[in-house]
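Consider the two complexes below, in which subunit A is the common component and subunit B and subunit C are the respective partners.
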Partner chain A sequence: MASLVSGTTSDMTPRPSRRAFYTGDRFQAAAFIVPSCIFLALLTIWPFFYSVYLSLHRVRLTALKRAVFVGFENYWNLVTDTLFQHALLNTLMLATASIACEIIIGFVVAKAFVSIAHLRWSNWLRSFFLMPMMVTPLIVGMIFAYVFNPVLGIANYLLNSVGLAPVSWFGDPFPAMLSILLINVWQWTPFMMLLIMAGLFSIRSDLYEAARVDGAKWHHILRFLEIPSIRGIVLLGIILRIIDTLRFFDVVYVTTRGGPGDSTMVLTLYAYQQNFQFFQAGTGSAAAVIILVISIVITTFAVRLLRRIEND
Partner chain B sequence: MRNITLLGSISGAALLLASAAVAQDIDWKSELGDHSGKTLHMMTITDPFIDSIKATKDGFTDITGAKVEVDGYGYDALHEKELLACSQNDSSYDIFIMDGIWIGELSEAGCIDSAEKQIAEGKPEIFAWDDYTPSAAGQASWDGERMCIPIGIYYELMYYRTDLFEKAGIKVPETFEELKQAAKTFTDNPEFPGVYGYAMNNKRGAAAGQQWFEWIYSAGGKPWVSNDIGSKDPYADQTPLLNSKESVDLVQFFKDMTAYGPPGVESFAWDERANAFAAGKLAMINDWSVRAQIANDPSQSQVAGKFKAALMPHKEGAKTVSPVGGWVACVNAHGAQKDVAWDFLKWFGSPAVHKQFVMAGGPPSRLSAMQDPDVVAKYPWTEQLFEAQKNAWVEVRPRHPLAFQMIDTVGADVNKAIIGEATPQAAMDNAQEQVTKLLKQNGLLQ
Partner chain C sequence: MTSAFRLRDLGPLILVLLFVFISSAPLLWIFLGAFKTTAQIISIPPVWVPDFTYLNNFRDVLGQFWPFIVNSMIATVGATALALLLAVPAAFGLVNFSFRGRAAIADWILSTRMMPPIAAAVPLFVIFRGAGLLDTLPALIIAYAGFNLPFAIWMSMSFIRRVPQELIEAARLEGCTWLRVLWEIVLPLSKSGLAAVATFVFIFAWNEFMLALFLTTREAKTFPVVISSFIGTGRVYWEYITAASVIQCLPPVLFTFFMQKHIVSGITMGAVKD
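Up next, the complex of A and B:
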């Protein structure tokens, strides 16, 4: 009966012509969306599910046909592996320390650039300051490998010229982590500075004048005017930098290879080694899935926070 | 001692046979096909011998018409690229030049074709297999099958600064204790300003791991149960011996030696050590023979003509087992121009062309090249290489499919002991546990 009714209804509805279908909204919407969906499915969704599949198997990349299903064994091996734990901890430490340094230094430099914005050469100076950000991270790593070379590097030469003892930059755990942090901060502070500067430029000058008329000191202006004005854009910068730091790889790969000991091992280097040096595709995929889950959790949390700030 | 004498006799006989073979002229035009219009692609390491390949390869183009393109990559990148190419059935490269310790991994993954048929069908004077040093031939073979052609076999030697030793008036060290004393003499000594005694491969991972395997026999130990020198089946029982007394003592020795190295020696690998030696900062260094050319090149080195080579030192009561390594050339199993690839290897590996390659700076892999007067005159350390190959053991480092990961795992723990993050005993106990787990997980250990 139902089919009879539906058949009757469809017979009564005038069928759209083929020309009308091609010019209609639904077709145009599909024409725009479908290529993106195919792109996403092929390059993001399918590889993700394949990674999940591999992560549940004991398999080498050179022998994919000999995969053995092991359930969550690879995940268990990872969470109980002290090297993976160190990599996770190091990545979180590196993210926290470098983003904090980048915000503080970036703010100071941004303030300096804002205060000299009226000078003709300030644009040139600003461009120079942005240059580290434009260099490929691999090249940055290689440059600093030379700079911090304990025998032939300029860092120890400068220390020696002022009578200080040479430092084993990549040889001891603490200086090695500090060196990696320094390189990361050197390269990415300009990015944070750029965002903060954009935030500071967006504050109307009459608000500064009003604050001064009301007798506000510099720390009052900072606390009640500047920080509230830039916190949205800084949070956006933090989200981007967290994602960046979770992907941080090149500099460590070139300079320390995760050493000395496990002191500079980071998550991506761990996953890279498992996948492309040891060709343990199962363990490597499990590590990649864990990195992805961490990224999603942190980003979701941060985006919600950003929305709340914007609504405030 | 009997083994060494026997090896020496075999080497001598092989050398005579090989010399006779070399003396015969080979008509390459009839031996090799016409490959005009084709281009042969090979990938190799960016070690100094890449220039020697480039200096030699045009002879093949003259005979066959095929161009030869050589692409160089770093050590890890090459391993990665060859295995990825294999896993994707990639035919872009015809020849893989690989470290001898990767041969198990690439053979068992079906990445390379066996050389047995080519050698069996080729003229004996072309492949002249018996002319290769026994350890070179071993590096190119896996599971009893000749898979590749040895081209650049390295032996590790100890290099020392003759000017500094003459000034100090001390003998060249032969034992670990003598090495320590000599290194101490040159370190922080106002008579030798800016000079340090010794630098080892201490960097985390492959550098420290390979160093452990390279020294363990000379320290009186062995890496796993059935890996005795000369063993017919060294992989029969792979139970690791990483926390044996000899191993722990060796790691303690590595740690002790950091006192005589430059600042940051804990993070040194091959390049840092070679650069420091060439810059005149080190009195002694152990290194693969291929790097001696760099140190002896006045345009790159401040110590050219001021150093000599000796066999690696050994622990008191043990004897030197010279580490062997180096590069073998293999035909890509997925390659589209296998005929051109085999023709190139036939030609390039032949004794006469090998000598040209060696004279252009390539490492000698053949007994005939090692004893060639021209080679010895140009590269004086070749005499020590000839001695080193007599006491070398091909399985000094693992060569099975997990070799890369196993060496890296050991290297992480050795490095922890060197930097003081763990005691040598604790570090090697952990290495023992990790490697045992790895071997069991992958079915190499019950």
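Up next, the complex of A and C:
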């Protein structure tokens, strides 16, 4: 897989198939690699153990010295807390629904971009389409707080001008969740589109020709040529998006704060509030550990997958 | 690669234009808002196209909040520099040396990319409070560099791997130290790729919000943290929000247009080459 984005093949450089590694020089190898490893260990391994420690104690962020060991009480409290249950459920729902929409819409848009890739302006159009995924997530929240504002928002004005009833975008539980979903799909469909497009560009055009000669219908091409070719990269996209959704915070923080009620509460916002608004470092850490465990399970798959794509 | 428009391109083109519109319209709307007076921003029916000579919103935002834009800049540039300084040698080492556990270390580094920042939040808060670094830019630089390090190492590896091995071998035969090989051969040959890595780290750090929200309170607040305070329980400062959003989005939007060809390789951490 090379030169996928520009869509050209002329600037492809052959990849060295197998690199010979230098043995010996062990001390020098360490000198290059160890600083990063120490840095990452301090940022990941140590916080992990510290979070586990805190999650087993009743402790406030403002008085960490006075930690009382309570075993799994915090975890039990979490599991029985309806707010946490909703946060977990909402996060899973958001991940499933938004990733599904992103893949379907992303595929359609990717096909359209591939068919016009030969036009001079297609690269510019693609940049315009990609903007949402690079824009600061917090600003995305701000923009939609403005667009979906019940009083001064343009969304309701447009609905009204075509004779539709105004929507309480962030005001009622069900629309609020749909709005958050919509914002996610708006921001991240370009991401999926880009990956799918990379996959589609890797299909050699003579395979399409051959399929057409054999009289294959579009759904045959989709099923036997396109889906197998993009499967790996889409799987990678799904994993990265699940990881992203577990961290999803900025947009809900400025639009709904998890409300109304607990209808848009998500995991990271829950853990954040426990830790830094209620100073419940025990409960907050337990929630963080749960998020981390989910991430680790998904990551295990991700690492294997990335290695496989690397070696293809 | 470019060729003329054919009739059968019409369908896909219309679809593309529709989706380009959906992608850009909300961004365009906030951009237009930045040039409106407060009354125009909140008026319904909306004022569609403002008078672009009205720059008071920008003047007010820059005038009052410039120190926080500077904070964002320092934190972002500092984090990018620190991340690259650590990542490039690590990537160089992982690509060129063989030792036991090499693949395991590379995988472990990759897996730390998946670490949710919230899981490190309280421990980071505690360390930085202990070190007296809360509400300082060094704390942000360290945290941002750390969270971007796995990405930077993996993406750098994919570029450094493309340096022809013969050159490295020749240099070694000439008696170059590894440090000189890195400095005089690998760096010059992979500098455009590493520049892409740096730009990515820059954008990620520039866009970061949650860590800055609890690591800073007054002095070291970054621009996103300030912007988030424009919306709250009391009055919502739409005139600031619109102008500040434009300023905040400028780097990532420029990046999208000038670095487009690197984006796929960036979002897959170098797994897909550009």
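In this text, the second predicted complex is superposed on the first by the 275 of 312 C-alpha atoms of A that agree within 3 Å, B and C clash if a C-alpha of one lies under 4 Å from a C-alpha of the other, contacts with A are read in each partner's own complex, and residues count from 1 in each chain.
Here, a residue touches a chain if its C-beta (ideal position, glycine included) is under 8 Å from a C-beta of that chain, and two chains touch if they have at least 3 such contacts.
The structure presented is a predicted model; accordingly, all values stated were derived computationally and were not measured.
Student: Using the superposition on chain A described above, determine whether A:Ala302 touches subunit B (first), subunit C (second), both, or neither.
Tutor: Once the two structures are laid over each other on A, A:Ala302 reaches subunit C alone.
Student: Please work out whether A:Val167 is in contact with subunit B alone, subunit C alone, both, or neither, and reply first, second, both or neither.
Tutor: The first partner, subunit B, only.
Student: Is it subunit B or subunit C that touches the larger share of residues in subunit A?
Tutor: Comparing subunit B with subunit C, the partner touching more subunit A residues is C.
Student: Based on the superposed arrangement, let me know which partner A:Ala63 touches: subunit B (first), subunit C (second), both, or neither?
Tutor: First partner only.
Student: Check the residue A:Ile143 against both partner chains and state whether it touches subunit B (first), subunit C (second), both, or neither.
Tutor: second
Student: Which partner does A:Phe276 contact after superposing on A: first (subunit B), second (subunit C), both, neither?
Tutor: Both subunit B and subunit C are touched by A:Phe276.
Student: Pick one for A:Gly258: touches subunit B only (first), subunit C only (second), both, or neither.
Tutor: Only subunit B is touched by A:Gly258; subunit C is not.
Student: I'd like to know which partner A:Val151 touches here: subunit B for first, subunit C for second, both or neither.
Tutor: In the superposition, A:Val151 contacts both subunit B and subunit C.
Student: Give one of first, second, both or neither to describe whether A:Ile243 is in contact with subunit B, with subunit C, with both, or with none.
Tutor: The second partner, subunit C, only.
Student: Would you please give the residues of subunit A that touch subunit B in one complex and also touch subunit C in the other complex?
Tutor: 61, 64, 151-152, 276
Student: Tell me, which parts of subunit B touch subunit A in their complex?
Tutor: Listed in rising order, the residues are 76, 79-80, 83-84, 86-87, 105, 109, 111, 202-205, 262-267, 272, 275-276, 279, 281, 401-402, 404-405, 408, 412, 415-416, 418-419, 421, 441.
Student: Subunit A touches which residues of subunit C in the complex?
Tutor: Touching subunit A: residues 1-3, 5, 8-9, 11-13, 15-17, 19-20, 22-24, 26-27, 29-30, 33, 41-46, 86-87, 89-90, 92-99, 102, 105, 107, 109-112, 114-126, 143, 145-147, 149-150, 153, 161-162, 164-165, 178, 182, 203, 206-207, 209-210, 213-214, 224, 227-228, 230-231, 238, 241-242, 245, 248-249, 252-253, 255-257, 260-265, 267-269, 271-274 of subunit C.
Student: Per the contact definition, I'd like the list of subunit A residues that touch subunit B in the complex.
Tutor: That would be residues 58, 60-64, 83, 149-152, 156, 165-173, 176, 256-263, 273, 276-280 of subunit A.
Student: If we count contacts the way the header does, which residues on subunit A are in touch with subunit C in the complex?
Tutor: 1-8, 13, 15-16, 19-23, 25-26, 28-29, 31-33, 35-37, 39-40, 42-44, 46-48, 50-51, 54, 61, 64, 108-109, 111-113, 115-120, 122-132, 134-139, 142-147, 151-152, 154, 157, 186, 190-191, 194-195, 198, 233, 236, 240, 243, 246-247, 249-250, 253-254, 267-268, 271-272, 275-276, 281, 284-285, 288-289, 291-292, 295-296, 298-300, 302-303, 306-307, 309-310
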